[in-house]
Every structure is written in C-alpha cells, then in structure tokens.
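Note that the chains are named A, B, C, D and E in the order they appear, and that numbering of residues resets to 1 at the start of each chain.
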Amino acid sequence: MADAGAALAAPPHGGVGSVAKPATSGAAASRSRRITAAWGRALLYALLFVLAICALWELAKVVTQTNDQLMPHSWDIVKQLGEPATRGETWFQYLAGNWVITLRNALVGFAVGSLGGLLLGIAIARNRLVGAALLPITTLMQTIPIVAIGPALVLFLGTGWVTKAFIAAFLTFFPVTVATAKGIAQTSSDSVDLMRVCAAGPLQTLVKMQLPSALPMIFVGLETAAGMAVIGAIVAELPFGTKDGLGATILTSWQFYTIEPTPLYLAAVASCALGAFVVFSVRAVRTLIPAAETQGSTR
Amino acid sequence: MSPAAKDRLIAVVSPVVALVMLFGLWELVIKVRNIKELILPAPSDILIQAWRTRGTLMEYVMFTGKEAMVGLVAAVCVSLFLAMLIHGNETLSSLGAGLAGAGRALPTIVLYPVVTVFLGTTSTAVIVIIAITLVPLLFGYVLTGLTMRSDLDDLMHVAGADGWQKFSLVRVPMALPYIVTGLRTALPLAVISAIVAEYFGGSTHTLGAFIRLQAGQLHTLDLWAAIVFACLLGVLAFVVGDLLERAALRRRGDSPVLL
Amino acid sequence: MSQSTVTTPPAAVVSPPVGLAARGVNRAFTVKGKELVALQDVDLEIAKGEFVSIIGPSGCGKSTLLRIFADLLPVTSGTPVVDGVTPQLAREDRRLGVVFQSANLMPWRSVLRNVALPLEVMGRSKAGREKTAAELLKMVGLEGYEKHLPRQLSGGMQQRVAIARALSTDPKVLLMDEPFGALDEITRERLNQELMEIWARLNPTVLFITHSIPEAVYLSNRVVVMAARPGRVVEVVDVDLPQPRTPEMRDAPEFHAIEARIRHLLATGGH
Amino acid sequence: GSSDESVGADGKPLTKVRLNLSWVDQAEYAGWYVADKKGYFEEEGIDIEITPGGPDVNTMQILEAGTVDIAMNSYGAQLAAREQGADLVTIAPAFERAANILVYFADKPELADPKNWKGKKVSLWGGWNATFAATLGKNGLSLDDVEVSNQSFDMTNFVKEGVDLADAMVYNEWAQAISGADGRELAFYDYNKAGTATLEQNLVAKREYIEKNPELIKGFLKASMKGWMDVREDPDLGVKTTLEIGTALPEKFQDWQVNEINKMIWPSTAGLFAVTDEIWKQNESILYENEVIKKPVDHDAAVDMSFRDEVAKELEAEGFDLTGADFKPKEIDPYTYFKD
Amino acid sequence: MSQSTVTTPPAAVVSPPVGLAARGVNRAFTVKGKELVALQDVDLEIAKGEFVSIIGPSGCGKSTLLRIFADLLPVTSGTPVVDGVTPQLAREDRRLGVVFQSANLMPWRSVLRNVALPLEVMGRSKAGREKTAAELLKMVGLEGYEKHLPRQLSGGMQQRVAIARALSTDPKVLLMDEPFGALDEITRERLNQELMEIWARLNPTVLFITHSIPEAVYLSNRVVVMAARPGRVVEVVDVDLPQPRTPEMRDAPEFHAIEARIRHLLATGGH
C-alpha cells in the first residue's frame, strides 16, 4: 500500500500559487536553510501537537470530571519524568534508555526491510512475470496480522531482539516494495528512451535514471515504512517477553496502572515521540538527497 | 494468442503458481524436518481445519469486519468534518497537513492501554483505536483533496458562484479521487488495526481474541485456521478498496492518486 | 449607492462605451521578500465589441492583466474598467466569460452539463440551461456530443466546449488566456476561424492572449505587444485588415507586414 | 542446545541455561534473581539467562521449539502440551500453594457461589484458564454459560465494572484491584478453598534435555533453591534484587509481593520445590475429571522429581532448611499499604 | 560481420551517402483489438548533413517515424536506414542524438552533469566528459551555468541544455521531436537561430518535428508534410532559400510563398 501518504507536506500538484523558483546562486546555502527550516517545522509541529493534546486532555478531564487516578493532570505526567525509577535513575533516563533500545530494533528492521523492499521492488518493476507473480503475494502478506503469527515467530527467532527487528522488517518491507516498483514504473518514458539512445545497458538505465527518478516515490514509501517499523518494534515487545524497550515499559506500567497511572502515559508519549523521530529523520535524509527532493524530471 | 490475452493469463497464472510453490515449500519443510504441529502446522492441515471450522470463524470475521467498518466510518466522518472546517484557511490547512503527517508517524496501537483505561476492553475501545489510527491518514487525504486549486476555481469565481457552490460543485468532486484513495488505503489498515486491538483485549467473539485464545491453549491448528480467515478478511478489504477506487475513478477517467 | 443611481446616471453611461480599460494599472508581487513588478503603468482602452490580442514574452504579465480584468486579482494601483464598470461589478453582474489554456472541463460531467455550469451557478432552471447549452454546442460545431464525457473528445473539441461554456451567460466581455496554445497548427487555424465567426455573430469585447503572431494578427482589431521585467505595454499595433477575415488573408503582404512589425517589437522590446 | 560455553569468574567453564519465566519480571521470581546475583548458578557451572514471559508468551511452545531450556507454567498447561505430542517433563513445582483467584466486588456477594456465575461476565488471561474451566465443570456449568473475555494487562476494566469477575493472583492483581477500587471493598473466589486449585508454577524441561544434561538440571535446581531460601531469610534482598532487574516496578508493590510469594512457598509441607503425592493426585484428577485434559495423566512420564530429591538431600546434608517451618510472614494490609 | 567488413565494403559505402531513409516503412499499432495504421508506405531519403523538418496534424505518425529511426520502435514492415546502417547499429555505435519536447533533464543533476550523461554512459573519464560538456554549454550560450540545477533555468535554457546533451557524443544524426514546442515565440525564434548556427558548424543530419510552419520553413532544406489516418507523407516541399538563413528572410515573399504552400497542403491533406 503506497498509502505512503506521509508526503502530505508536498501536495502533488503544487498547492497554492506554484510559481517557479527564481534562480538562486548559492545552492548550498539554500539547502542548509531548507534543512534547518524542515527541522524547525518538524519541531514546531511536534510542540504544537503535544500542546494541543495536553489542552484537549485537560479539557476532556474537566468536561467528563474524571478523577486523577484515571486521568492524571498533564503536568503530573511531565513531573513523573523527574521522579526516580527503580534503579535510582530518573524516569526520564529510564525511558531514554529503553527508547534507544527500541529505536535500535526499529532501525535494524527498517534497514533490512527497506533493502529487501528495494530489491524486490526493482525486480517487480523490471520483470513483468516476477511482478505479476510477486505483487499479489506481497499484498497478501501485508494482510497477515503479524501479532497473530508472533508466537510462531518466537519459536524460530527466539524472544530476543531479532524477533522484534524481524517484525519491524516485515512491516517495512511492503510499502518500500510497492513504492519502488511504482517509482520505477513511473520514470518518464522519454528518460528511458534517452538512455536507450545513449546505448546504455539495463543496469546503467536502472542506476543512473530509474532509481534516482523513483527516489521521491521511494522516500514516500520509506516514510510510511519508518512509521511501520516503529509500530512493529513496539508491538513486538508487547506480547513476546522482553525486559527492555518501550514495549516492555508499556507492559509494566500498564500492569501497575491502578497504583501509579503516570508511567503508562509517559511510555505512550515516548513511543509516539519515537515514531515521529524516525519518520522525521527519514524526511531529513530526503532533504539531503537532491534526487529525492525533486519530483520527476523537468518539463 | 493476442498479447492482451497473454497478459491477462500471466496476471492470473503467475501469482497462483507462486502461491502454490510457497505452500508446497512450507509443506515440504514440515514433512522433511518433521516439525511438530505444536510448533508450526502444515498448510494442508491448516486449510482442512479452516474449512472445518469455517462456521465459527465466519462469525468472528463478521464481527471483526463490523468493528473495522464502524471504525472506518467514524474516522471518515471525523476527517471530513475537520477538513471541511479548516480547508478554507491557508494557515490552518498547512498546519493541519503538518499535524496529519505527524499523526501518521505515531504508533497509535500503543495508545491501546490508555484507551482501555477509559472504555474498558470493549468493542468500543477497538473501534476507537481503529479510528485514531485512521484519522490522520484520511484527514490528510481529504484535506489535500479539498485544498487542491485549479483554474476551475477561477472559473467558478468569474461565474459568480457563492461559497457553497464552489465547495459542492468543484471542491468536493476535485477532492473525490483523494478521498477514494484515502479510503482504499484505510480499508486494509482498518482490518489489521482491528485484529491487533482485539488481540490485546476486547470481546472474545472476534478474530483477534480467538487467535490469542487458541495460542494460549496451544491449539495451533485453530490458531492458523483463524489466521487464514484474518488474511481473507484483509484481502477482502484490499479488493473492496481497489474496486471502489477503480469504480470511482473510471467514472471520470482519472488515475489513482499516489500518496 | 442606490441613491446615486437615482439622482445621477452611473459613470458608465457618461463615458464612451468602454469594453475594457486599464488606467495606470500597476501590479506587484512579493516573492520571498522581494518585490516583483508584474505590471507597470499599463494604460489601455478597448472599445465595446473590439477584439484585442496581447502578445509578449513569458512572464510579461499577460495573465496578470487578464486576471485583474476577471476580478481574480486586485491591482496594486490604477483603475481597471470592465464593460464600463469595475471588474467586481462586471463579474457579479455576470458580464464576463473566461477561457484558459487548458479547457478545464469537469471530467465527471457530460459536455452538456459542463457548458451549462455557469447557468447552473446562476440558478437557471435545468430545462432552460440545457436548452441554451445545446444551442451553444451547436454553434461551436459539437452537436451530437452533448452526452459525451470530456475525455472522449480531442483537445480541440474540448477547447470548443470551454468556449461554449464561457459564452453560456451571454457575456459582454470574453477573456481568453492562450486558449489554443496546446493545439496543433491546423486545429488551431480552424478554431481561429470559428472564433471569428462567433465573435462576428455575438460581438462581445474580446481580450485574447496568445504567443502566436499570425494568430494575433489574424484575429484582432489591435494587438497589444508587451515586454517583461517590468511587465509593460510596448506598443499597440493596429491591424488594418478588412473584416471578416478569410484564410487567404494570411498570405497577403499586408498581413506579413504586420507580422514583421510585431516580430520586430517583440525581439527588441520596442527599442 | 546447551553447548554454549563461557567462562566464570574463577576460570571454570560455564554452560548456558536459558530459563523462561511465566510472567514479566517482578518479585514473583525473586529467588532466581537472587541466586543469579549471589553467583549460585556460577557455582554450579551455569551461565543463567532469564527471559521474562508475558500474557502472550506461551512458554510450553517456546520450550518445545528449543528456544529455551527450562520454562515455567501451570501443571495444566504442561499436560495440555503433552497431549499435543510434546514430551515435556516437570522437574519441580516451584510454589506449593496456588495463588490464582477470581476477584469481585464485595457488594455482589452472590458471586461467591459459582452456581450464580451463569450469564456473568468473566475476564481471563488469554481468555482461558484450566482451573476456571475445572471449577465450572465441578459446578455443573460449562464455558458456554458465562461470558468470557480476554483480560488485558491491568485491572482497570474490572474496576470500572466492565466484568463481574476477573482473573487475579493474590500476590499481584489482587492489590492492583484494591488500589483501583477507590475504597470499595473487594472479595475473591479462592480455588484453593473450592478444591479446584492446581499447581501454577512448575519448572518444566524437555525430556531430551534432561536426559542429556542431568548435572545441569541438578545444578539449576540447587542454585534456585538456595536463592529462594535467601529470599525467605532476607525478603528485602529479594526486593532489592528484583528492582535491580530494572523494570519500572513500584518498590512498595514489590515489597508486598515478596512477602506474598514467600507465603506461597513457606512453610513447605514436603520441602522446597516439592509437593506431597496427594497434591499431585488431586491436581491430576481435577484436570482430567473436569475435561481440561482428555486422557488420565501418566504421572511418571509427566513428572520427574529425582533430580530435585537428590539436590534436596545434598542441601539438607549441607545444613540448609528446606521446610521453613518457623517462617512468619509480615502482616501487610493491601487496603492501606499502598495509600500515601 | 567483421569478416564481411573485410571482404566487401559495407552497404552504406556503395549506396549514396544516406543520412536517414525510410523505404516502404509501415507501422501499425493494435489498440483495443483494433488495428491502427500509424505509418503507411513511408518513403523518404535524407542525405547526410541535410536538415529536414516534418510537419503534420496531431497523430499523423511524426513521432512514430522518429522513434523508428531512434531504434525505440520496430517497423511492421519496410526498411529504415540511419547514417547508412540500421537504426540499431547506429544507436549502438552512438551516432544518434535525440531531443524531445520536454527537456527531460535530470532535476537532481547539475547542468554540466546533465550534458555529460551520454558520455558517462559511454564510460568516458570524468575529466574528459566534463571538458566536452563545458565546451558544448559554451556553444549553446550557457557558459557560467554549469553548476546550476535545471529548475533554476528558464524553459528555453533547459532546452538548450538538452540540445547540448544530444550533441555530446558528436552524433551524425540529430532527431528532434518538437524541441521548441513549449517555448514562447521570441525564445523560439532565438533558439531557431542558434540551432541554425550549430547545424552549420557541426553539420549533422537533422530530422526536426514541429507544428510551426514558419519554424519548419526557416530551418529546413526540405519540409515533409504528413497527413493522418493513415499516417502518410503528403508531399516533400523544397525550401529554396539561401543558406545561411537570416531573421530578415522570415519577411521575404519567397518565405511566405512556401509557408502558404505548406499551409495549403496541411489544410487539404494534399487533395
């Protein structure tokens, strides 16, 4: 599913007042400015998002008159960050440690799944038979409820981080495959013709023309996949027995919710922050790659 | 044979061949390595069991499917309402688009414990989780569609159209491909979200809960039979979405929006 | 407002019949903090019923001027006049029709319903508007295509539909922004001919933007030549060819002389 | 495989043994954490690796797949796995007493009688529980007579009266429910009193593994038992060590839990990691007669206490007290203890 | 192959120097089960170094013919010849350059690296190919723009880059499919002039597709007029104007006469 719609920031038909940019001399300067702007925007959105949620939260609390046990105040949740966890470290440090562990699982899965997706996407786009055979199967694979086969996975891969990374990879794989296949298929036929007239081989056409042309599309897929990788890594920690990671943090704080409700909210917020971080990182990487930023070829 | 007919044949035969090969390999590994049913059953046994228990499983499929549909409809309503509210304002729209993008990055399933705190492990909780997952996605699509500008807007302006006429005669039809593509994307996601949420709690007359129950009881055959039906439901959602998109777009000769 | 209408006749009545006029019109855009002058001191008077073309390099402000007349864009300073009144009044009074480079039909509506759109917006009854639309389609030579969807038509036919749509409210002023820019030479010349006939019949004031010199010369009473940076009018060239125009005129020496004059103005920017 | 070798502090080669717990890390498993911390496993040449379980970790399946060497689960679960063809053997029951209960609000006293459960809502972990099934069977009801749902990880749903009865362990969810009940009094149905309780925390291994590694099994049991005796003598050590595992556990809660866990074990009627023959027989008949398992149990195939008995002899010879006859638990009232 | 080269001279040597030739070329497409004749019995001989334009209505098979010469499309029957050999050989030997209507630059590559692309594909060293590319950019008047990205250039400049790219392998045959179709009149005439100069300097065989009659006349030695349904050559019009062409010629009566002739052929389809 190239639902990959995370590219909402750039509507395909150039939104309002799409006027050609005037020639700028310092390409490097404008790029660094663009990157700073992108991160600034991301942070702003994150901040706004958190503030909006907090405001809604407090509003809901007042409206429904829910007690502090069920719905602690947002500032109490924030305050918990400074409270000591079990080994003397603060909750912030404790969360940060687990955040990094889940990040690692997600990234390993993301890397493996993306690479696999990229290769399969290329195969599908370049060979009609392979495409016809594998695209329906990858689609079918995507409908498998991964939590359901989770227990079976544990049997083969153990309860360690490999299972988590595998699940992350499994979820990453599909959007990248579809995006790559579509991106390559959408390379303008003039461009492919151009390479042919230059007597370029299939590999040269792929590497020099089709893949770079597909990059904007691939990055749309990668963004979706990044979100999925984080979901995969966390969900994999929930039921499969693990000591570390945000999933384990969610489980333990969930278990003790009636005694101490704030950690569960912290764990949920940390998970969301992780998702946002990974997705925005992918976006940041995109801004560093010229071919990924430019849509299609020139008119 | 004409090239078109050959294409169609390839499109049908090759995935079937690939699937058969995949299951054959699985069956072979089970038989050769003598893997116990407790660990991983053979596909043939799974299919037989799936057929045998199809009655109960279909009941669960219906229930899960209903949850997914209700969640989807709720998400569509919320998204449409929000997007309609803000699409006229450029600042709000770009802010909304940004938030929708951020929202899609969130692993909403981790909110499940939080949601159950309020709603209990009920069907409602599952529906709410589905809706929370789908809203950023659908909202993004609807908003993008509604904020699309074209010469048609100018045309309507010159023709002296009022706000409602511009909205109903141009904006909504222009947004339609986006809305439909959003729906197509959201459909399978709704099913997956439903099963995952059910798995972690909720009524037991659902696919997710049944799968968990069978896993707990070591009934691996029933577990996999349920997975087969879960996949069927997913495929159904996928196909329905695809048909919906095709039907909606064929009417106007558009190609799907790739987002 | 209503009081002044009663005591003194409105401005449009005392001034000569103005089809379109720009009086000291300026328009600037701010792009990334920088000021961009799209139109500088544009003065232009077009009488009612006149056919005037604008030609000029890309970015010289042709579309900007047209959009000002269509009340799609306000001026920075100066006074635009449309059919004797302000663009806003003209638009609200439905005296305007516009045609853009892309036909911009609604792909989900039949040809007939596309043409009837402005009438639908006006609130005309279904039967009434479909009758008018059918007549217009006949006029642009598309009888029998009423039930077709736009995509079933060629580019030239789609542009004909767009023209019929623009004509549906019986506008006093027709604004056309490169309407035939995307068509091939032959189709284009055929549509030029048809446009001439329609204009002769209904006699609206026409402002026609084009990049083609022969097209401008063939169609117009006068051709406005513009230059860019800043967008301005270089010269207004009179086309002293008899009306109605016929295809043979394209090969006449007078025709070529005017072409050459415009080509020269374009190449030098009037210097 | 158990061939993974590493080297201990004193240069002795260590063999890796992987233990899968029956739930997430908490004081319930303090004995093993303490044994690890104090180096008892190392003394036995074992490099222990403890992995937690969880609501969806099926330890019997994982054990059969060979992902771990020793796993914990209830006797019912082990026997069910055996019926599926897995040759799994209990090497010792860790807790003599059962802790599984069903909580309900005290202002619904009719729930004390299972006969009144008809049509009631019950939430169970994983939606299934052998003891519960047996209890229904004993009272002439079946699973179809009650509305069973999956119990999630916390007690909020119960507290909000999403269900009438909920699964709980007296050393954990019971206190959670009390904390969440906002002062309302709770009651519980005790399977022990009803006579349907079964052993909950058996240590299980594959027969193949036992036969290949008898010394490892003995070493594992010995170290584990020493750990639990330490926890009996010094409950605070149990709490401290559990907290060092690093999960986000509230300290006070673990403090209470260690005390409750000690009550599951001590004083020990048949000695640590053992139960009387009578308890075995009782378990087996409950599970079979109430149709949780289909065939009568072949006890000698399902349980092999020989390693434990040897270890017990050695430990007693070394002067260890395996019964804790004079064990006195602390009196902690969960209704007041967690309030501050 | 290599043997025949040694024993007998290749066909191209015995026949007159052929730049491009189509001998009885037919091409049909099957669209939804129906046969569509895109090219019917096309016979065409273009000498080496000649500049020939093709003009004709949309869908008459211009691009199809060009794509056959570029070895992008096989013929249904007949023999296409490119620089004395088959299209395939010519392409593999890198004797071809193509320019399309869209500049088709890689937006992520600098102008210099865009021009150097064909040389990169050939495996030329980085230093060597960048030197050639820089020289070509100078030739098309884009010195100083080497490091720019395509989107920082205007449409006309982008098309210049595309021409430089097509020239980078020093092709014997240049195939251009409406290269200036998307540009405005002034830019277009300027590029026509530049193309003339480049052609005079390098003298490749050029096949140039256009919809603009003046452009075709201005640039070419001969203009091939085609008609559609089925796609066929109506007539080949000789342009007897002196070389090199100068802008003033556009206003000459001879020029207009040829224009008129072509316009007539297009309008009537040769009847």
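Basically, contacts are C-beta pairs under 8 Å (C-beta built on N, C-alpha and C of every residue); 3 or more make two chains touch, one makes a residue touch a chain.
Just so it is clear, the structure is predicted and the values come from calculations on it, not from any experiment.
Common neighbours of chain A and chain D, by the contact definition above: B.
Note on chain C versus chain E: their Cα superposition corresponds to a rotation of 180 degrees, in steps of 5. Chains A-B form the pair with the most C-beta pairs in contact. Chain geometry summary: the mean Cα position of chain D and that of chain E are 83 Å apart. Chain centres here are Cα averages; for chain C and chain E they lie 36 Å apart. With centres defined as mean CA coordinates, chain B is found 18 Å away from chain A. The residues of chain E that reach two or more other chains are 155, listed in rising order. Counting partner chains per residue, chain D has residues 56, 58, 61, 65, 152-154, 156 touching two or more of them. Within chain B, residues 39, 113, 117, 200, 215, 220 each touch two or more of the remaining chains. Contact residues of chain E toward chain A in the complex are 67, 70-72, 91-94, 96-98, 100, 102-109, 117-118, 120-122, 147-153, 155, 158, 169, 182. By the touch criterion given at the top, residues 67, 69-70, 85-87, 91, 94, 150-151, 154-156, 158-159, 238-244, 248-249, 251-260, 263 of chain A touch chain D in their complex. On the side of chain A, the complex with chain E involves touching residues 20-24, 27, 188, 190-191, 193-200, 204, 208-209, 212-213, 215, 289-299.
Against chain E, in their complex, chain C makes its touches with residues 55, 57-58, 154-155, 184-187, 189, 211-213, 247, 250-251, 253, 256-257, 259-260, 263, 266-267. Interface of chain A with chain B (complex): residues 1-9, 11-13, 15-16, 41-42, 45-46, 48-49, 52, 66, 70, 128-129, 132-137, 139-140, 142-145, 147-149, 151-152, 155, 182, 217, 220, 224, 226-227, 230-231, 234-235, 238-239, 246, 250, 254, 257, 261, 264-265, 267-268, 271-272, 274-276, 278-280.
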